[in-house]
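Quick heads-up: structures coming right below.
Next come two complexes, and both contain chain A; in the first it sits with chain B, in the second with chain C.
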Partner chain A sequence: MSLDHSSDTSARPTTRYGSNSGQALTRRDGLLKVTGQATYAADNHPAQLAYAVMVGATIARGHVTAMDVEAASRHPGVIEIFTPDSAPHFAHDPDEKMPPFGFRLELLQNHSVRYAGQPIALVVAETLEAATEGARLLKPAYETEEARTTLDNGVEFDPKAVGVGGPPSTSHGDLDAAFAASETIVEAEYSTPAQYHNAMEPHAVVAEWTDDHLTLDMPNQALAMSCASYARYFDIPVENVVIRSPFLGGGFGSKAILNGPQILAIAAARKLKRPVKLALTRAQMYGPVGHRGQTWQTLRMGLSGNGRLKAIHHRSISATSSFDDFLEPAANASLPLYAADALLAEHKGLRLDIGTPGPMRAPGEASGSAALEVAIDEAAEACGLDPLEFRLLNYAESEPGSGRPFSSKALRECYERGAEVFGWKQRPRAPRTMQDENGLLVGWGMGTAVFPCPMFPAQARTTVRADGSVLVETGGVDMGQGAWTALAQIAAEALGLEAHEIEFRSGVSTLPDAGVAGGSGHTASAGLALSKAGLNALAKLAEIAANDPASPLFGAGNIGVVPRGGRLVRRDDESRGERFADILIRAKQSEVTGEAKSMREPENAEKFAMYSHGAVFAEVKVDPDLGQIRTTRLVGAFAAGRVINPRLVRSQYYGGMIWGTSFALHEAAFIDHRTGRVMNADLAEYHVPVNADVPSLEAILVAEDDPYVNSIGVKGVGEIGITGTVGAIANAVWHATGMRVRNFPIHIEDILVL
Partner chain B sequence: MNLFDYVRASSVDEAVAAGAKPGARILAGGTNLVDLMKMGVAEPATLVDITRLEELKRINWLSDGSVRIGSLVRNSDLAYETHFAKTFPMVAEALLSGASAQLRNAATAGGNLLQKTRCSYYQDVASACNRRNAGSGCDARQGLNRLHAVLGWSDHCIATHPSDFCVPLAALDAVVEVTGKGGSREIPIESFHLLPGDQPGKENALEEGELVTAIRIPADASRFAAHSRYLKLRERTSYAFAVVSAAAAMMIEDGRILEARLTLGAVAAKPWRSREAEAAMIGQMPSKDLFDHAAGIALREASPSGNNAFKIELARRLAARALSAASAGTPTAMPALPGSPLSTFSGDAHVA
Partner chain C sequence: MAIQKFKLPDIPSIAVQISTSLFLNGVRMSLSISLTINGDARTIVLEDPRVTLLDLLRERLQLTGTKKGCDRGQCGACTVLVDGRRINSCLTLAMTVDGAHVTTIEGLATGDELHPVQAAFLECDGLQCGYCTPGQIMSAVGLIAEGQAAGDPERVRELMSGNICRCGAYKGITEAVLVAIEKDATTSKERDAA
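Here is the complex of A and B:
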């Protein structure tokens, strides 16, 4: 992998004094992880631990008619078997949704089977082996109904919402008129497959009850929200639930929402009055813990003679389960990006006998971008324009539809920098015209990346102590992305300290709510709370000092003070100041605490459209005889507000671009439509890229100063790298071969000329 | 996983005695068997652990120049044995194109021969599979089968043998040494794996309780060292089973092919050696046309077993490519991407 950092502009248009943000610190938890000292949920072994194993349905639709509970019970070590006939009671009806994000769940409430892999029993035993064998001995019998897992036999419907509560249809302008006025119309259909999160760490929980207090060791992307939901299922006060989630081996959205198996394990622990551990197997992660739902998309674009987009009509049929709704808002990918006179993005739902899909890294944005960016390439081709030229020609200077200004948009710079580093200018327009010295076909393609920058309500607390120490607390979630590191940098920045000078606590629900680690909004949300909490603590210190005649800062209230290296100093004369600790000691206070709840300024949220942007350029080489494709170069240039830690940000972009490679060329669940079952539910057959599939990656950090997104200027980087990349690779495959593949992932036989 | 007895064998005789009991299975590297036990596909009554048998861990060069590979020799130890890799380069390349570094460090030579098909219906106890459960049917036949067999399949089973290692072994006339209650015997590798016919459960020529003790490659196989290649088409650049693979080797003198070998992998329930294709090249001058012609012969009897007709043409092209690469000469250094068709060009230096 090429790790050329020469293109790093550090993205620091506004260097903030006393700040260690902008520094490429290594992950605070890195040493623990590489030395095996980081304890993941399933590494916990409290005394008296019992082991639970879930039994998943092997049919997609029907009923369980029998299970050999007796045989399983007789197996040595088996303690208890939960089936619909011996199901635990829950205070919340699992067939009802749990606002805001909770789905309908399978908690053994009846004998029906609604998808393959649905939990139909839970076996608890003294050992994992005994529970596993007990589960096998249940040998369920079924009454099977036809599985509906295809576009043909699924049930289409008009959804009330797509994604997380978004409108199913969005439009602006007069679409019919715009198409009528178009000289060229380009239309094509695209499909994206079911994909599964496949976090390295499976969904695991160690549940322990003490009376009606519940402690959970589990990987969790939404600590406070999950506590509230568990409290409702188990009818206990929310403050009785503690979730410890110090380390997550990846989440990608699948650990933000409650799921049936984990709740059943918690219920088992309560009933058995001893701690219970459950860890799903890899295969069991293909069903009850969400996935990226399939889409079938149609893009129709109307173009003027000079290559201006007049109309965009983006339709998606998005798959969901037979009993709940989560629809990939794929068509919405067309909303914020290209200027057109008229646009309609609309969705249909398709009910299938599958587990309910859920948010998976860039939900909607990824699958929508995959189709949109290929369609844009096709439109450019139809107009005889270079794909970059075409994108610049249709550049949205303000938010399409609303006309709102963007809070910041350095997309043009992304195009420029990416194209320059990639060498895009040398690209011949016609496909199948480039070859390398070995006769391999070479193709170059590009795609635009875009992702919204949402923020979630978040809280934090900063305590400055008289002994000179500083404690910073927020219930942040580190899924491997480096939240602990970046958040500590933001907290330290607010205090004018270095990150190593503060004690940073995170990863437990008893700490202030850091919001959801999702939507690429965690750094911005929790970071803003931390920043404000620090400033609030300093304000208290300043007030003490400014009113203390013995302080060098006496009377500085109007002038103002700033933090510098553990001291507060006068803004107008930094030689006058004193240590935080000295202020407290003289005031005979052991500490001051600053707390903050943060949210985006509503006025800014109203006034501005807020997005991160980027441009991705891909080179592929294709063996003309064998159809073997390799992405030999990927260059992405991204602008996402202020960069707190370039190392971590680059790592997120790399991860996104690799994910995009996966989407374009590798990743798909193969469903046997006769049974509705995923037949490649393991990492040997469900392909994600290996290092050799991404031999050269480059992520360029384009500077962007955004005073409106939030006071720390942070947008979000977690998901944007996927968008743009999928299309860039597919377009490069077209450019190499002249073959337009519209169904993802692209397989060898799709480009084989037989 | 079912309850099972565990026996640690301290000699080959002990292993053979324990292995002959009903329901006994031999445990070596465990990279395949343990997975299958977790899936419930394998339910041995007894596991006979042979991993302490030092005599099976050796690579012995015999006085006649042949090599005897103990069945417990790890894939990576064999591939990185310098003399072995120089003498049988396509075997080393095949080994290094397989699985991941971690798996190669654990998986054994004997286990590689005995690995099970990756057919997803075989690996799934909820599916019908004649290979796993005689007479239950074959869900692959009308199911997801784009990577299934195009040669030697039957209505009872369309699974492939997934090995890379066995493909050049078949090309080089390797011999499998086995020991059973009745003593030791040798099985030519070509007769070792069986086509499914109407008894797909009978996967190889081993008699009940027989233990693979070694694999021997004959000395004269070294005459292909200068012109041999293993190529493997796969859906990601490493850590994937072959879509199709090919081992090609030849002896070239004065611009003519004196002898040629061609075996295909991932197209049948056994490595598919084509002696007819080999014969068609003898005495000929290497050329693209010749290799296309020979590859065509190798696939002459191929037919799709499902949604996999593309594999036939793909295998033909890969075989032609492998022959062409072999005729151009064995790379002097192992390609950075062993087995990759992207490593077939421009001589020795292949930069990953």
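Here is the complex of A and C:
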């Protein structure tokens, strides 16, 4: 183990101007987090606070026929009970979708139950204990219908869209011809389970009304969008909604889109004219707050005699709820990665009596990559090629299908560096040939990581003041990725200052809209807005100075100026310049403000394919008697544009690789098909990796300069680590045991027949 | 039946009196416990025997640094030290800690000086979203006091496995605990030498 971060610092230029991205600063919010002072939503206690507890349905399909409201009301401390018979009124019909991303919600609008865990009542009391007991006393009775929770009894359909508005089918080239021309065809079926985000912080809200003004303390990945949606549900102007989300205890996509329980708590606060706190229990997070939907995938690959891919046909049946659509766009994972003459990605939907799935860290990419990377391993095996050699043979120099050039793609370097550090060259081709000194079977596998680089509209504001201070503002969200640190570094860099020299405000909806913290696009989107806002503020300063005969910068307009340590200086002669503050003082202005919106250059967006890439290498050890599988080593090499803060970026990769480990070997929700309920709705039986499950991780940062992705060169790092890792581990299990397991997660029972 | 509001105490306060009562199944419940929290002696009148130590800390005493992740003893976010031993405060009824010394994340730093474990978590980036962090740190402090791990990373990982981190900051967490163990050993040696 090494604590030496010298590799981080070696990348620093010898002369730094300002905060300079590339520095491994510790987290700006770290001190608050290690001392227990970081305030998460449920930590708030306004005066007169009442506690709400949600009641979830214990059946998956049917109707609530009765609830013992009287018994619950009688319990000391209970204030109010909301059921479909006493439901709050909403200005927006919860059975209608709320654009752009809103789902159909359950807000007690009727007595029907469409999935287990659906909110069917809300109990509000003076204490959490009283509300909890009140909720228990309701003892709902049901008229139950058969739950449809399997591939056999679900209803298959052709979806209009997959993921967030993506086409359900994408095709390039002549698939039939490509298969006809193939010498070898490899085909197999794969499945991925329902997974639940399980952020450590349960979904929570503290809602407080003052007349028709609403203040919400809640973890939220999309502040501005959520304000607009809440305003519509409660029929108030959007500017009357304030969301404070300074800290999120994990989001992973589950805190980006409105959910029913929080809306009920807000309605309760309005009716009772008191602040109301609602925090879901862990078990209640397996229903109304989204999940990664199940997939059943088929991959068919056509290969030429020398191991070149001719055709890839990737199909996915993706599960969604009976009443709304979010389909894992799993098959699309096969589109951007390997060169093939023809590609077809197709999706079917499957309606089940489950809560509506939603985006969960790498939605589609994770599930699709899991299947694709195993299929690639199988294709390599069929061709008698080393898996790395096979991948290099089918390396896409331009985007498969479209032929567009990549804005940057250092995947080859990722393969090289990762393989070298891992020691891949020593890998015997045949499976089940390596054992360690304790007799455990050892296997090595690899996978390619890939993730797109979306950008969202974002805004920022920079204010340079005559007293020498600088304020930068954007309503960004730090859910653990380190946004407050990285964004402040970007903002400071634009101004030629150190990160600690600026005041950085974020995390509340009253600030400029920083867009959605999702899709691995927050740093790029909000960062670009901050960078531009800073440059705009400096441009205003430069204009004042260049037109001021008393300024050393007088007449420098054509030559240009650059910021250096709180001064603007001439580009051609850095000895000539003056402090930002002096420019303002002489102009008798208290401040200048620069505002900006971020957008990718449309021309570049059109011209280039933009992705982050990586290569993941895994070692597993398998007990030949017990079937126990452990990931003993993971090495990932990633290229994702410019690295703003290597300390935080590594942590994102580690986190992603651990999620990949979890996907491959641990997590799955198991549904009791007799009742339609999740049987393991808790953290003891829904397995997520613990510390002992990930003994050795290494993330290599491969340099990549991308002038096209955006002007700050930033791609995204939050999700890519999952992709590639799942396949790498599954392939290592095959290499250790000779058994090809295609249903995730791979458990002991899958390989017990050793 | 009218319920009296809780009088929320100032933080930190020496003696907290929550004078309220509740009828449970017709029986008036009122339980008084005395305990020391982060060095402050407190007497607390519990109006409700169902209150866990976690909810006492968070909802009554405003010590919200300790987190609730599962309320079932499965995640470790609520870890505090009771008489020096790490426990899940969500599985502990407040009534049962009468007379105990409780240390929470708020009681770890000395003034502006971080506890070595806190400093190591910051330096090693042993955190992301920060929600499990108080529990991780308290667990690490308990672990070091137990003296079981020595400097063995494998043992640290095993003995820290009662604290789940969904973000996946385990590598930094393990490094932080090892750094703190080393620092603790150095400090002990210096103390012994003095």
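One rule holds in what follows: the second predicted complex is superposed on the first by the 734 of 754 C-alpha atoms of A that agree within 3 Å, B and C clash if a C-alpha of one lies under 4 Å from a C-alpha of the other, contacts with A are read in each partner's own complex, and residues count from 1 in each chain.
Operating definition for what follows: contacts are C-beta pairs under 8 Å (C-beta built on N, C-alpha and C of every residue); 3 or more make two chains touch, one makes a residue touch a chain.
Quick caveat, the model's predicted, so the values are computed rather than measured.
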* To do: Could you tell me if A:His63 is touching chain B, chain C, both of them or neither one (first, second, both, neither)?
  => neither
* So, A:Lys540: does it touch chain B (first), chain C (second), both, or neither? -> neither
* Touching partner for A:Asn198 - first (chain B), second (chain C), both, neither -> second
* To do: Please determine whether it is chain B or chain C that touches the greater number of chain A residues.
  => C
* **Contacts of A:Ala38 with chain B and chain C, given as first, second, both or neither** => second
* **chain B versus chain C as contact partner of A:Met679, first or second or both or neither** => first
* Asked: Touching A:Pro689 in the superposition: chain B (first), chain C (second), both, neither?
  -> both
* Asked: Touching A:Glu129 in the superposition: chain B (first), chain C (second), both, neither?
  -> both
* To do: Determine, under the contact definition given at the top, whether A:Ile748 touches first (chain B), second (chain C), both, or neither.
  => first
* Once the shared chain is lined up, is A:His172 touching chain B (first), chain C (second), both, or neither of them? -> neither
* To do: Check chain A for residues that touch chain B in one structure and chain C in the other, and list them.
  => 129, 133, 281, 684, 689-690, 692-693, 695
* Which part of chain B faces chain A closely enough to touch in the complex? -> 1-3, 38, 40, 118, 120-121, 124, 126-127, 139, 142-144, 146, 233, 235-241, 243, 310, 313-314, 317-318, 321, 337, 340-342, 344-346, 352
* Structure fact -> Per the touch rule, the chain A residues reaching chain B in their complex are 58, 129, 132-133, 136, 281, 437-440, 621, 623, 625-628, 630, 665-666, 670, 672, 674-675, 677, 679-680, 684-685, 687, 689-690, 692-693, 695, 747-749, 752, 754
* Footprint of chain A on chain C - complex, ascending -> 1, 3, 5-6, 8, 22-24, 48, 50-51, 55, 58-59, 62-72, 74-75, 77, 104-106, 108-109, 114, 118-119, 121-125, 127-134, 137, 153-154, 156-158, 160-175, 178-179
* Structure fact -> Per the touch rule above, chain A residues touching chain C in the complex are 1, 3, 26-27, 29-40, 42-43, 45, 47-48, 76-77, 126-130, 133, 198-202, 247-252, 279, 281-282, 479-482, 647-648, 650-651, 654-659, 682-684, 688-695, 697
